[in-house]
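The following pair of complexes shares a single chain, chain A, combined with chain B in the former and chain C in the latter.
Our next item is the complex of A and B:
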């Protein structure tokens, strides 16, 4: 029976993979992730790539909202900053993606920490509205400098392996590689790069969750006044949450830009994008890394399914396909919130408890 | 001087619609402790109902009917979905109302289509009147007058009638009110009805020339947020005053600030209130009229 090993030491409680079953799950997950691009069609490979982007973005929001309890509607602004940073670095300077990617996170993190400093005194709804304002301000700034960002018409996002240099050309990730009989197209290469980034993100956020700084964030979330009295540095914890969250959000935005190869300001970087990420962490279950990953995957894989299903439902089939998936996902999110507040993580806990006690009901 | 007067009147007229929106947010927040992000869709629902009802009813009756229908829907939303959220974290209610808003928007698109409609008015829709040297739209003056009348009536209702006393008591403490025999459930329903009805009126006046009614009308509510925050979520009066200031600020900055900023100034008036709000909150994090919270651990 998959039971949790008896915890006798503090270190056991903090282990990354506490038991045999966790290790088996991790190996299984890795095997599925590695074989996925070889067995699915191009359409679902694209969905998989978007899913990996969503994992990074949702994990970013999970740090800020799930761990530190700071409700943010401004996630789209940080993604936009990351996306436009890699676009500008690629088009103007011809930098390779592996250098532009962390820099995109850096730019976004800088803005995040500045906003975080502003937001230190704000709580709950006030913070939500201020971060909503950040989305509008970012949109305005991006549209106001068309020589850098292309304005309304947008900009392309080149993805190079190496510096473009004087010659004006560099090996691009877009080229298809042939290794013997193995074909590595753009989407497939992207998948492995994204898998690496997403894996690193999950590892990072999981480590934050089980370390000192993560516990400080959760103390701020649960009862900030009590946390302060007990000696938790509230300011530091909040700023850390803002910094890590916006860094990862910038990286997610950059990944999204690379995947799309061409970005405009609106859509996608508007309030709806922020709402989608909130929906992901709600679907998954607020407060756990597992929730962020499962919510992000559930949301991305449900969207194309919802479009397929939407065609056959009366009334709803009058809408555009994007609206159809919005409606069906909204219904799902509302139902989850009303009926299962813990999200997929809650469902998983219930399933696990059932099997742990089996054949008894309790 | 003429231009300033003209702009001030149209700014106040815009502010009047913002005031109705802010009022709706504020009474709902005081009663249910949640911020209703679906409010904007109630606004556009009211406007669309008006464009449909005006074909079968006289104008004033259509106005009344669409306000009542929208209010009824708001009360229904509260009773069926949002009352289950009592005691859940702020976060949950924010997301729930955001998604209810998305659903409402889709319902509006299904029912009324995506075409842009003109808002019918009993007077010539582009009629202008002379105020001093300035020429202003008749619609602006009517919306200013009607909003002021609604605000005065509501103030009287809240301050002078037993129902108003019950509303104030319920927003102060629901448990004590229940113990004193106030039907808190019905008071809540009425509060939401009021919010929905005022939203519909705001939507109808916002849909008039020079603007029009389309499925994006609900986004206007997002632009009223700075007023609600600066006025202080707790204070209805503060929100209304700040809403008038917001309308003025938006119209005046469009005329006097935008041209000085070059390319950056294009559409700057749309985000200027948000920038002002962020700076303001740094100085006073709980708004202009917000009370300082005393908390126990």
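Our next item is the complex of A and C:
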């Protein structure tokens, strides 16, 4: 019977893991996350890596759309900026990945804040259209400088440990390490790096959500007039949301580029990608970090599952496998919207209520 | 010097004269009621004070400082809090979060401090939480602390909105129809809270009301507006039989 510990200090109310059950759940989750690359096949390890990338990207969109209420279709543009930043820094300057990663966020955040400043007066659909324009603009700019970005044919994304020296060779993350009998290949190394980044992202977005900055964003989302009378600087809150969101989106794009090792402009950085991220936060539940994480994981893991299941469903099995997963995921998202508008977060709330009220029904 | 002075304030909306030469002052510690029929300009007056509308003529002075052209955010910082007529709470946030937003302007930690949840940011959060809890205690909102506002009944929401304004520790509290839509019992509760506010916390209040009995019982000073003009001003006892007030409210025939 899970019970809440008695809160005697306000500090205790601010803790992320206040009770024994929370801590137990966190330890269990960490154990699963750490053992995951050792117990699954290569195919599912890749899915796991993409899931971690999706967590960062979805958390980024959650800050902008979920917290600040700014509907954006331009998420793919920020991911593209991050991806190409690390590609160019790696290929042209030989930067190590850990230095290029934050810079990818920085470049993306800079563009995000500039766009945010232009979009301050826009709301709802109008903002969505403008940010949609940003996707096309970014695609054009990236294709306009082929000597830097490789143009249509794309560019490789090296992942160095250290700066590339005069000889042009630098230790790469791609090398397989043998630690005794433990094999640490590229995908496994990526997994642990990504796990760290995703964990940090979740912590940062959670901090926004529970702090004054996040409350200001949500105030702007719910009632901007009242927010202003309370002394919330609306411009500042929106720009902060744009900045944090595009920074994290840039990081997610960079992670994606490292995972793919080779990027082109389109696909993947098109409107479809933006919509996938919106689907993730809708699936998870708009407005919570839990929603971003669960939605991202559910979406990434359902795609290969849908391809597997799709063969045995009449009508759908006549489509290509990519179409199959698109159709099935769309059906799932629509069903979630109809049955549980709060998404997986809403499901979690109901499960929790059930156990809190146990053995009574309500 | 009075806390708030209105000096010949005028405001027009494309031909409609919302406020016309409004002049009166609000003393510190008063519970000052502003009444008048629909469209008399009561809410417009509030909007001028809180900076949402910019008056075209005259002056609104808070402790001698002219408020015209000052941003609403800044006016909030100067100590003017407002309770809206149609609820303007943040529906998806909990009662506690709504109250903490009332303290928003007093937070000093920035985005970076919050992102990394620094010791200073945490200490600040606890400090403001203590203040918010005092308001929760004052308004008996303990049961609803963790509930999102969207699930609460109307009467409680009104109380949360009052609480949010109180969290700003205002010098001047603008109450736009705090009893609109409340039943008898809730209205009495609200009256009690307003009186406690005046006696225990000494907050100066400006109250817009429709319900004459409520206003006349509570207020220390009443200003009557009609079609943007002040038609009477004084303690409630002197206004009860004022013919101009009666004619504005009930119609010309009574005064005749």
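One rule holds in what follows: the second predicted complex is superposed on the first by the 352 of 362 C-alpha atoms of A that agree within 3 Å, B and C clash if a C-alpha of one lies under 4 Å from a C-alpha of the other, contacts with A are read in each partner's own complex, and residues count from 1 in each chain.
Everything below uses one rule, namely that a contact is a pair of C-beta atoms (placed from the backbone, for glycine too) under 8 Å apart; a residue touches a chain by one contact, two chains touch by 3 or more.
Small disclaimer: the values here were computed from a predicted structure and weren't measured.
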Chain B and chain C placed together on chain A: clash or fit? fit
After lining up the shared chain so the two structures overlap, which partner does A:207 touch, if you call chain B first and chain C second: first, second, both or neither?
second
(request) Using the superposition on chain A described above, determine whether A:297 touches chain B (first), chain C (second), both, or neither. (result) neither
Check your understanding: Is A:83 in contact with chain B, with chain C, with both, or with neither (first, second, both, neither)?
Key -> neither
- Message: Output check: A:257 vs chain B and chain C. Expected answer is one of first, second, both, neither. What do you get?
- Response: neither
Quick one: classify A:338 as touching chain B (first), chain C (second), both or neither. first
With the two complexes superposed on chain A, say which partner A:229 touches: chain B (first), chain C (second), both, or neither. both
| Of the partners chain B and chain C, which touch A:159 in the superposed model: first, second, both, neither? | neither
Counting residues of chain A touched by each of chain B and chain C, the higher count belongs to B
In degrees, rounded to a multiple of 10, the angle chain B-chain A-chain C between CA centres equals 80
> Which of the two partners, first being chain B and second being chain C, lies in contact with A:144: first, second, both, or neither?
Replying inline: first
Taking every C-alpha pair between chain B and chain C in the superposed model, the minimum, in Å, is 5
Both chain B and chain C touch chain A at residues 223, 225-226, 229
Per the touch rule above, chain C residues touching chain A in the complex are 50, 52, 72-73, 76-77, 82, 84, 88-93, 97, 100-102, 104-105, 107, 109-111, 114-117, 121-122, 124-126, 129-130, 133, 164, 168
The residues of chain B that touch chain A in their complex are 35, 81, 84-85, 88, 90-92, 94-96, 98-100, 102-103, 106, 109-110, 222, 225-226, 228-229, 233, 263-264, 266-268, 270-271, 274-275, 277-278, 281-282, 285-287, 295, 297
Given the complex, residues on chain A that touch chain C span 10-11, 13-14, 204, 207-208, 211-216, 218-219, 221-223, 225-233, 240, 243-244, 287
The chain A residues in contact with chain B across the complex are 65, 69, 71, 73, 118, 121-122, 124-126, 128-130, 132-134, 136-137, 139-140, 143-146, 223, 225-226, 229, 271, 275, 278-279, 282, 286, 315-316, 318-319, 323, 326-327, 330-331, 333-334, 337-338, 341
